[in-house]
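Following this line, the structures themselves.
Shared chain: subunit A. Partners: subunit B in the first complex, subunit C in the second.
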Partner chain A sequence: MSKRSRPNLISRRRFIKIGGTGAVAVLAASCVPATPAAPAAPTAAPAVKPTAAPAASGAGKPGGQIRYAMNNEPDSLDPAKTAQASAFNVMMNLYDTLIWQDPGDLQYKAGLAESWQSSADGLTHTFKLRKGVKFHDGTPFNAEAVKFNFDRYADPATKSPSSTAKLGPYAGTRVVDEFTAEVTLKTQYAAFYDSLAQTWLSMASPTAVKKFGDDFGRNPVGTGPMVFKEWVAKDRIVVVRNADYAWGPAFWNHTGPAYLEQITFVGISENGARLTAFESGELQVMETVPEGDFDRLKKSGKYQMVVARTPGSPMSIYMNTEKAPFNDINVRKAILHGLNRQELINAAFFGLYSAADTPIADNTLHHAKKGVGMYPYDMEKAKKLLDDAGWKAGPDGVRVKDGQKLVIDFVDLTTYEPKVVATQALLKPLGITVNVKVFDQATRVSMGHKGEGNMFSTALIDSDPGAIQLVFHSRNLGGFDWSRIKDADLDKLLDDQAKEPDAAKRAALLEQVVMKIMENAWVYPIYNFARLFGVSPKVKGFRTHPLGSYPYLYEVSLE
Partner chain B sequence: MGTYILKRLLATIPILIGISALVFFSLKLVPGDPLTAIVGDGVISQEQAAQLRAQYGLDDPLHVQYFRFVERAIQGDLGRSLQFKRPVVDEIRSQLPATLQLTLAAMVVALTVGLSLGIVAALRPGTWLDSGAMALALAGVSFPSFWVGLNLLLIFSLALGWLPATGTEGFERLIMPAGTLGFGAAAIIARLTRSSLLEVLRQQFITTARAKGLGFARVVLRHALRNAIIPVVTIVGLQFGNLLAGAVVVETVFSRQGIGRLLVTAILGRDFPLVQGVVLFVACVYVGVNLLVDISYALIDPRIRYA
Partner chain C sequence: MPAGPSVLRRILRNRSATFGGTLLAIIVLAALIGLRFTPYDPVLMDVPNRLAEPGAQHVLGSDHYGRDIFSRILNGAHLSLLIGAVSVLLAVTGGLLLGLSAGFAGGWVDFLVMRLIDLMLAFPSVLLALGIVAIAGPSLFNVMLAVGIASIPTYTRMVRASVLTVRGLPYIEASRALGSSPLRTIGRHVVPNILAPLIVLATLGTAGAILTGAALSFLGLGAQPPTPEWGAMLSEARNYMRLGWWLTVFPGLAIGVTVLALNQLGDGLRDLLDPYLRNTV
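Coming up: the complex of A and B.
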């Protein structure tokens, strides 16, 4: 941190939702027992484009090991104690979830739960568990283990930065019999199944959690395809194949144990060092390839270069509506019309990403098509909007109003500097001066929270669209509501969609949310967020999880 | 001598208290929230942020937090890292061997290269040997270590493929980091050795030694160098501190384990307990090394006595 933190060109953002939201779209078909293969998302859902590559055909060769570089070392491998992407990466191999989201059709499929059923009110969910599953330490997996894990994730004493929020309005788990667990919720919760498919709510060995206590994060024990071997702090994390593994989701490219014998994860924050290690053949997979180098490596033709899109909200510029000049809607509209999106993507990111112009990405449930194309690039219109707003061109080309120059502070992460500089260049012809203000992650987040600056940027990664409340709901003012929106109507729409059990109605509400945001020009979406991977040509079967694009290393084999 | 050491040790207590207070309160002046250490790059709601702040005691007034820290530190407990969720002491302990290995190896490089260059230059003043050695020393002082490190990576890892670019284990992973770190220190040692040795070589006892028929090598190594080395020892002690500081950069460039990289991660993540712990630890090392240097004077130069 990252992290940073960590000089990473593309920082990862994830999305942790607070609880207390409403019924899931998934529950639209409530009372109908969901079978593993049954589509869990409503059929009325707008077209959702799967972004993951299809599963590799043909069986891989078992054996071998890879070295996998992330841009920072995880903080903990206890699902309850971390919120970091790098930890998710490693944990996906160590733990299983009750259900999985299929990267092919984005539906929920059986994991440690073979089938599940929801009550009519959407508050009770009964899971039939798979038999014969064992944790790496020999502890049997059963309903008691489910109860133990969920109770722990819900307990405030666990101090979890992710799991508690993911579990939402959890009320409790009842052990019906050894392989049946009944989870009850206090209120309807739209993102419940979505959350269950994420590693933050995966199943840890109760025996090991009790044994290691606070140190469980350094001694993780799950049921996953890989077993934790060692963690040499600031050097490497080694996981080895679980020979007993036989309970992966059906959509994986094979059954039984993983192909790879061993995976060594290393955290290399320095971009130059990570690239050198990758290009010299020391690493088989490299995450967070800087855009410029991605382009170069791709052109070399020597590697598999993967752009893995994430769902959620695109990388966007948030305009501080509390301060001049963005307290004036016309100035915000001038930015939406006058900042050339494609040129920005070309100049700052080598044209690697696809353009996005609404707050819910088009690979996400309930993406609102109606909001697309509302602000076509139109320099003359932008100039007129500024003229009308009273910002007249000054002698040096910079616009002036009441003796004040049109100057904007763009506060961002150091590694995002190309984006800020490109924005500066592209807004200059409009008579707007952009000050480049780049900082480390902690500083710029704190400045965003306090509104110290005019422009901020972030992307959000989440498979549920309701998560955009984090950046648009007024209860997050002082937090990630960086446009500083305080709009009662928008708040109500956001609250209503979270509670709406009917998929079509929820989609309509989310469309209203998107339209309201775009009509008010509160945000300038730039591009669909993606993570960039460099993969050695020897690696076969590389594809990624729909959320946050974490690779399924279980499927990977070596030539 | 015993009393002297005891006095010096007692004098470190106020130093450490001063440092801890300085670090603690200056950290609070830096923008950024320690919540960053807990949630990393995650985006969280305000409700969740408030809960976490309360759970980790980050809402308490500053002085309360500081005295809680001091109270624990006196009992040898430096608290838990917000980021890595384990005791700060464990974090330091796990990173210490790698940093010690790196600084010692760098010191060996610095002394070998520095002393050799210095002696060669002093024995042939004004020649091309002297100019060459001093030019190299100038380069060592001038080039920043991240630049040297990245260039070594480009040459030896990427172009030639001789040495691994990252990691900690094994001798081959130590060569480039130790070379990078030692190069800067070698430069200073070389210059100082040269000037100090030149001065000593001009003194009468050297002429006497030569006159009584002692061999050249014996005169230089036993008589001249022993006298010339005292200022060098001082600078070596100080350099040890610089090496620790330099490890911050070098460990990051080469993605090595170590205290330096730990500190960078801690600062960027606003992991206050970890920053506190590491800085206090490094301060102790500085104080300790300085004490050792002072003691070593007495051993090298019998005229120096402490009471």
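Coming up: the complex of A and C.
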């Protein structure tokens, strides 16, 4: 199946692989999500508590089934063959990872690996595996299976859109004994554990992979709490309870098999159709609720409306530094001071998201507090910056310099139009004309890559902060370096932090990265990216993975 | 021309023409006023008062940015009329040129022109317009251009058929015999005699052009935000239609009423100007 065959449906969130670095970033596209507008109060806590609901303690009632609507159908359920959020969603139920990231404290916890050890140089990692784990097809899980999966993910012949990059500088796996696997890396890789906790590197049954070959993605076999039952193309994917399941991470709200007997995933790309199905009670969970409707449903009080914040980089406006007027730092600074963030969030997103003003979101590892509040909203200052830069107010209110009007092309996705229109209205008093240029995903991404436009926007979803290299490192010029930054110092800082195994040192490097970006006013962060879920009141225990987009349906039960 | 009651009086006696004409006059007047004067700034956002129901504050309610819908419809009216007028003017001009040359010259010119027209007619006109805008890029002007070009075939065929009808008539032959140049013959004798059906077709065509223009704007190919073109308003509002019925109903109604006015006027004019129908009424 071609991943590109239906771009409008599948490209809503794209994962982009960047060779060599091991970082895969999710480029959040059309689904516009949210978090309650809370002031970003600086706190002393090292890890910000996720906004997702806390794990329900106590027992849920086993039994029942739910229908879960995503905004597109996955392309494949083989972790090696997909990069889609919707696939991650389903695969999280079918597969387990060696380790898990606890959404409570963001630390890594035991999964299929009971314990692990790293060598002093950070290159050798030894995993002690859990015994008695079986894949859905009866194949025993052991060190051979770990080696099989990692070797497959690392193999360029697999052509994986995400797993290979996630595995980073993988050198190989040695089977020490049946339940001990030793993974070696070619170079140090700070995001290694973070990657291991993501479904892209989860454990698939070697027997089934060999048996089904290319069709494995349609016949997935893992060790997860749910077993694949059927996939009716363009209609539904059905998974049923794994009665033998007893190896979930300790932070889940119960042990043993999942509560739900069956989960039916459906892909409905049209917002209106998804909403109607949800409101009629046909669906128990719906993803990607449009902001306006989120507001409406929340006010109705009839549903659990869940805001699941994602870590990574906030939804931000990238300013093309190669072209006038943003080749002038003062014009960029004028935008940072003169565009009212909260009003933008209110106008375009019904005030559902929290404001963000630095490139690493505050729920992400090593969020740098130093850059917060560097550019407070200050219209007068913005006007002065533009005046000083030579952009004087013209007769029609639009600023002019050397006969050129201050006109900006804001290139974005069609579904992001409210953001662009609100920016247009908010920059008008500053004497800046914003042209709304909205296109489909493929077009606008290619325009960003080529620098055809002045403003572009995207968010980045990744639990590792190093992922921001995707939008700031000069190696990605022509890729997602949409501000078109070519800064050797920044590149070096980004490279260094990716290899730094010491957390404190890495945090210091990332702080330098953030300060460099902020001092140069290369980006205008807007809000903390989040996804909006509508959940039936009958569903109990709904909370999401630290990546934000993916609920732990294992914990869910029905009233 | 047959003697009879003055044109105006005949129009007034025709109910559809009177109704359509009056309605259209009101719309044109409103559009002219809306160019300058609206209760609110049509592009001014007022977020705290977003999605206000129709009432004293906002006659037709406010949209998802708090912009006054009545002001937007009023301010956008001239755009829809302009799309209709400019594109039809373009289509009529093109149709006249091609149709006259095909009908009057005949021979290989006729053959070439008509095959070209057949080729264009092979595509549905909306599709053709879509294709043209897709190539030229989204803008209001390109929409006018696209809708105009896409409607040229209809006018060409109509003009050609009319020319063929009058070409053999004695007064054309007389004109030729008197030594008029072909251009003079066309200008003085052919065109005036095919004008009646052309006016009817153009009036009805304007309604169609407005509709197509709105459709293209709805698809994001026409007016760009924050321009309150009616089709663009519908397009912007459709994501919020579950939050307030007035967001989509009023712009839709505006398009509907304008198209109705033009259709009524066109129908009435056809009754009045069609010589066969005229005698039977």
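Note that the second predicted complex is superposed on the first by the 506 of 559 C-alpha atoms of A that agree within 3 Å, B and C clash if a C-alpha of one lies under 4 Å from a C-alpha of the other, contacts with A are read in each partner's own complex, and residues count from 1 in each chain.
In the analysis below, a contact is a pair of C-beta atoms (placed from the backbone, for glycine too) under 8 Å apart; a residue touches a chain by one contact, two chains touch by 3 or more.
Values in this document were obtained by computation on a predicted structure and should not be read as measured data.
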Subunit B versus subunit C on the shared subunit A, clash or fit?
-> fit
Between subunit B (first) and subunit C (second), which, if any, makes contact with A:V438: first, second, both or neither?
-> second
Answer with first, second, both or neither: which of subunit B and subunit C does A:Q342 touch in the superposed model?
-> neither
May I ask you to decide whether A:D75 touches subunit B, subunit C, both, or neither, giving the answer as first, second, both or neither?
-> first
First (subunit B), second (subunit C), both or neither: which does A:V421 touch?
-> second
Which chain makes contact with more of the residues of subunit A, subunit B or else subunit C?
-> B
Could you tell me if A:Q84 is touching subunit B, subunit C, both of them or neither one (first, second, both, neither)?
-> first
Go through the superposed model and pick first if A:V471 touches only subunit B, second if only subunit C, both, or neither.
-> first
Tell me which partner A:S300 touches in the superposition: subunit B (first), subunit C (second), both or neither.
-> neither
Check the residue A:N271 against both partner chains and state whether it touches subunit B (first), subunit C (second), both, or neither.
-> second
Once you lay one complex on the other using chain A, what is the shortest C-alpha distance from subunit B to subunit C, in Å?
-> 9
List the residues of subunit A that touch subunit B in one complex and subunit C in the other.
-> 272
Would you tell me which residues of subunit A are touching subunit B in their complex?
-> 1-6, 11-18, 69, 72-73, 75-76, 78, 81-85, 156, 159, 161-162, 164-165, 214-215, 217-218, 232-236, 266-270, 272-274, 276-277, 279-282, 439-443, 445-447, 449, 458, 460, 469-471, 475-480
Note which residues of subunit C are touching subunit A in the complex, please.
-> 43-45, 47, 64-65, 220, 224-226, 236, 239-240, 242-243
Taking the complex as given, what residues does subunit B use to touch subunit A?
-> 30-33, 36, 38-49, 51-52, 55-56, 80, 83-86, 91, 94-95, 98, 150, 153-154, 157-158, 161, 164-169, 252-258, 261-262, 265, 268-270
Can you list the residues on subunit A that touch subunit C in the complex?
-> 271-272, 275, 290, 292-293, 295-296, 343, 346-347, 414, 417-418, 420-422, 424-425, 435-436, 438
